[in-house]
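Each structure below is given as structure tokens.
What follows is chain A paired twice: with chain B in the first complex and chain C in the second.
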Partner chain A sequence: MAALGRAALLLSFGLVLYALVAGTLAAWQRRRRLALSAQNALIAAFGSTVVAALVLWSALARSDFSFTYVAEHTSRALPLGYRLAALWSGQEGSLLLWLLILTGYSALAVWLNRRTRDLVVWVVPVLAGVASFFVFMLCFISSPFRTAAAPGDGAGMVPSLQNPYMLAHPPLLYLGYVGLSIPFAFAMGALLSRRTDERWIVVTRRWTLAAWTFLGVGQLLGSHWAYVEIGWGGYYAWDPVENAALMPWLAATAFLHSVMIQEKRGMLKVWNMVLVALAFCLSIFGTFLTRSGVINSIHSFSQSPLGGWFLGFIVVCVIFSVGLIYLRLPLLRTKTKLESLVSREATFLYNNLLLVALCLTILWGVVYPLLTQAVTGETRSVSKPYYNFFLHSFGLPLLLLMGIGPLVAWRRASLRALGKTFVVPAVAAVVTGSVLIALGYGSSTPGLLAYTFGAFVAASIVLEFVRGTRARRALSGGSWPAALAELVGRNRRRYGGYLVHASILMLAIGIAGSSAYQTVRERGLHPGQSMNVAGYVLTYQRLEQRQESNAVATRAVVDVSRGGSHVTTLHPGKNWYPVEQMPSNEVSIYHDPRNIGDLFTIADQIDAKSHTLFLKVLVKPLVNLIWAAGFLFVFGALVAMWPDAVEQRRLAERYAPGAAAA
Partner chain B sequence: MTIALALAALLAVLAVAFVARPFLREPEPVSDRLDELSDLERRRLELSEERDRALAALKELEFDNRTGKVSDEDYRELVGPLRRRAAETLRALEPRAGARHERISTTR
Partner chain C sequence: MRRSPARLVIALSVAAVLAVFILYTSVAGAGTPQIQPSDLARHQAGDVMLVGRVVGAATGDAHASGGLHFVLRNVQGDKSVTVPVSYSGTVPDLFRAGREVVVEGSLHNGTFVAKPGSLSTKCPSKYAPAKKST
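== the complex of A and B ==
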């Protein structure tokens, strides 16, 4: 069946090339049937890519080791779920997933907007251009359908990938990465068709929000995966490949905010185009980092021939975007100007500057070692203090702005009004800061500032809901819950956005608590010995060993007590994977509801002969707020994305065919 | 191998038929010209966006005033230019309504 997979990919290649050439010609010469035909080619490319993906999935499910890809990434002992997930555990398969999602998104976007022909006609060749690159790589550089004589068993999967998160984290990240292609294509399509009105923004609003949500959730799941699986006690290591996902997310966050200024005030048209292009180029850059092998990371694949191709494609994308924006500058000029530096749009602008500054400093941290190595041959790395410095410098003001923004009116705000709206959040912040200092939490300045600003933001969000509900109730009457529902229903984007802000606040508090105020202890223990960590007493009892389907598991039995009473029994240990000939750390965690934190244990070393255990213990207060924030994040994003019937009607009237010409 | 190739050929035929569909459905169309916004339509669209922006801003200002984010004084100062802008765009869009009315009248 490998031949079918190869043929399906070649067909996809032919179809996207046709969509690129015929689509460009149709848009250039304004030929309607050719434009429709190019659209159909893009939709058909999704169908043939689905066939290619099904062929590979089927080979993975059947453990058909005549497929080199299947033999290199799976084994017979691997459970079915992981065998299917192996589609994205290797380089060729993950490129196929990229293409599958891209053609799927493209087909859906083109079909949903088939009536906006003058815009879509240019979107088709842009999307086809991006797809052409990926399908070319799959057909001619890195094929998942190479075959060889089947070995008796496969090489298996890297142990750290054998985790349920493997089933969700990579596809979600890809849905995010690839999703950013749609706003990019519509933005470039708008420039090419000279339609610099808001149509492209209206069309891509939900696409951007969905891609941004997928990217955010994907990263959060990846962090949790690292936390429970990698076994070093952290959740984010500023690994270049982790940063690769964070950068486009930050650029997309900036875009989601600045695009509101364009919608409300008709400003920042050029800036929005730049942000969309930046987010897309960074998503390709992120893919380059993981696929090229230029970075040594748990995420990246081995050295491969893809690096040069990806680099070339990024250069083409940057030149294309910058050149097009430059050419269309006269169409993007706006008459509206910022009226005051103290206004909602000004806070959005500050937020944008901080987000982009943070994004670019992270980019420099990722690129610098690569450049140094390329130029001087020396291996250098940018370490945690660099990133932490900029996270504190830009992240803390961003946190504060998240509270200030909603309190400031559009256009301009007077000091009198500001004084009125700021008083409650300011008091909440001052009281929180003072109490924390009195309780001895002043040991970490960034931690203290994060909590203090956090109190300001929390009060500001609560106030927004309370004042809004009160005003809505005064207008329409009814109960408080009904007024709240009406308030949110009438402006889902705003209040959904506040819920997302609340989730980011939870995330910030969780990060501050679990990093600035964590306790770490490590020592060797013999059976019966104990150690004290932050009020917990951990007593090592014995070692246990058991055979699992794909590994041999060794576990230490550790009793945990506090204040003389038994709390729980933890089982940190190690797994040995015989097929892969690799060990893995298996951490054991107690979730403490008292401080919403974790007691995190790692069996650093186990001496099976002397039964000695080198136990590392971390107490991480508030860490579970980080994971809980994910649920609120998704809920807030869904509220913001949910269609608004009134707005839909207004937009339908505005863009109805012939409405403007009537 | 043979089945795989037959399936691949079938897939290719289906794809080509789908791609050729617009030409097969309309072998000799009355017009093959793609719709394009005229300068007038672009101007109308611009005005519609401006109108929606001004009306939304008015609504927002009203609500911000009710929630205390905008003081009464600021409200009075800001509402005038916004109303004027909304009225201007509505007026600029009015001929369209008139033209439509005229056209409807003549067709009856």
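== the complex of A and C ==
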């Protein structure tokens, strides 16, 4: 079986190499049949990569420990779901998943756009070039199909990975990371083919949106995983590996906004090329970070020679994209200029600058230890205060712009019109801020500003929906819900965007509430003893132990009451994994509907002999808004992505042969 | 010909970002040194992030007044250099002999006194499979 896997990968390598060479030659010499052949080779590479992935999945499912990868990452006691998920729990398997998604995306993108020949002809070699790098690594540097004499059992999976989130978080992140290759390839294809109009943006809009959504949801699931599994009460630690996913997401967010200016006004062509290249290079940079071990992270990925290869690949990508953008600068010049600093496009520009500034300051924080090591010979690192400072400096104005941008007119807006537009959101913001101060919540300035700006954004979004629905109802009659559905259906992109904005607003409110206004208490307890935390009384009753399929579970029984009434019983504790010889913290959480927050309990230390428990308790108001925001985020993104026949017809006419000349 | 104000906006924004950054790094602090036990002698004053590997068994109780006591050695270079550490607060699940840890604090009379709750182990998540003891 391992030989079949190796052969499939070698075939993939041959196919993508052919697609790269033949595709370049075909595009260069305008040879249509050769171009078609290169396209087919790229599509076929997906098939052979599927075979390789199936071989590894089959070995994992059968616990075939003659595969070194299977022996190192699974054990017989591991449930089937986790055995299959082990495909992405190791370095070699993760690379294979990357290649699988990349070739799958490439095949789909090329097939869907096969009629836009002049553009796709250059997209094929770009995608094949990226795929060549990954399949080369899999064939010659880090093969998942190494074999050895099979041990009696495997090493198992790290306990913190034995969580249902393991089934979804890594693949979603990969779908996002790899998805950014498609807009990058089309952007480079547009430059190579000299078709620098808006067509490449139109073609890749949904690809970018999908990749951005996957990356966003993947990060949110990762945060929730850390929240419920790691047992420290937080959900984001500004760790370099976490930042590695955040940076391309921020760059892609900026790109998604700035392409609207190019579509609408034909501006920011160079900027958009830079952003799409930045997002792609940052997605590769994230992989470099995790593989090289050059940055000190709590995520201890093993150091491997892959880091150097990835660094080399990033350098090639940067030189290629910067060089190509520079060569095509004359084609990227725009005739349209920014007419006013108070206009829709100007607010989008401010939004872009803030997003990129936030992205680059995070990048600076991530590489800071490397730079200080290189300059001073001593490694210094920045931590939470550094990141929080810039999050507040750039994030809060971004939040406010989210409410301002959609309401400002294109080209130029008068101050009088602005005053009229913003009176309701401004009043909502001032009232919210004043009420919070009056209620004693003014202790955290960033928290107060977040809520005040949040009220502004919420009011502006609601206002947009109300105005739009009223206008739609006036036009076509019918009920309010029908008018609202029609409004969203006819302007999916716009109102999908508002829903995504609403989800980001919920996220911001959840983060502000759970971090600025949380309560933390910890105490050692004997059975029968209680502790008070933010109005809750927690009484430790006893310890319980049970055998689970792959672990021994010890749980403390903690009764929770409030105002003399029983609320719930929590079971914080620890698991012991005998195969892996590792413990794992198992937190217990009560979701309080009163404050949309959590009562979060951690059994910090358990003494099984004396039955004493050191209990850490966190009360985190509004934290569940963060997770709820994820659903709205996905819903909004789906609305914005959903195919629109009217839009398709309009675009088809716009980019039809001869349309430009007409 | 009238120039676009976009250039001005971009230039001012970039300048503002750089100014804020320089202000931050010069006023608010320029990061915490990450050092190994062998470098502690050069950092007698101020807090540092100490990176080391746990040697032998830890003693004491991290939640009692005396705290938890353990020894860290260099991860790289001269691995014979060690330093005793005193710590109180949450102990990560994965803390044990042989594990690489990071802890923040400062040196007092030859003992590294850690800030409460600052101990973190490098989480052996993916790409670092657990090795079975033989």
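Odds and ends about this structure:
Heads up, the rule we're going with is that the second predicted complex is superposed on the first by the 639 of 662 C-alpha atoms of A that agree within 3 Å, B and C clash if a C-alpha of one lies under 4 Å from a C-alpha of the other, contacts with A are read in each partner's own complex, and residues count from 1 in each chain.
As a working rule, a contact is a pair of C-beta atoms (placed from the backbone, for glycine too) under 8 Å apart; a residue touches a chain by one contact, two chains touch by 3 or more.
None of these values were measured; they are calculated from a predicted model.
Once chain A of one complex is fitted onto chain A of the other, the partner contacts of A:475 are limited to chain B, with no touch recorded for chain C.
In the superposed model, A:112 makes contact with neither chain B nor chain C. Legend: residue contacts after superposition of the two complexes on their common chain; A:416 is shown touching chain B, with no touch to chain C. When both complexes are overlaid on chain A, the residue A:15 reaches chain B alone and has no touch with chain C. In the superposition on chain A, contact of A:231 is made with chain C only, not with chain B. When the shared chain is aligned, chain B comes close enough to touch A:30, but chain C does not. Once chain A of one complex is fitted onto chain A of the other, the partner contacts of A:263 are limited to chain B, with no touch recorded for chain C. When both complexes are aligned on chain A by C-alpha atoms, no chain A residue touches chain B in the first and chain C in the second. The touching residues of chain A, when paired with chain C in their complex, are 72-73, 88-91, 94, 153, 155-158, 160-161, 170, 230-232, 267, 290-291, 296-302, 304, 337-338, 340-341, 346, 349-350, 353, 357, 360-361, 364, 368-369, 372, 378-383, 385-386, 389-390, 393, 522, 524, 574, 580-585, 602, 604-605, 614, 616. Contacts from chain C toward chain A in the complex involve residues 4-6, 9-10, 13-14, 17, 20-21, 24, 28-35, 39, 49, 51, 61-63, 90-91, 93-94, 100, 102, 120-133. Residue ranges of chain B in contact with chain A, taken from their complex: 1, 4-5, 7-8, 11-12, 14-15, 18-23, 26, 29, 31-38, 40-42, 44-46, 48-50, 52-53, 56-57, 60-61, 63-64, 66-71, 73-74, 78, 96, 99-100.
Within the complex formed with chain B, the residues of chain A that make contact are 1-4, 7-8, 11, 15, 18, 26-27, 30-37, 40-41, 43-44, 47-48, 51, 117-118, 121, 195, 197-199, 263-266, 407-414, 416-417, 420-421, 464, 467-468, 470-471, 474-475, 650, 654-655, 657, 659-662.
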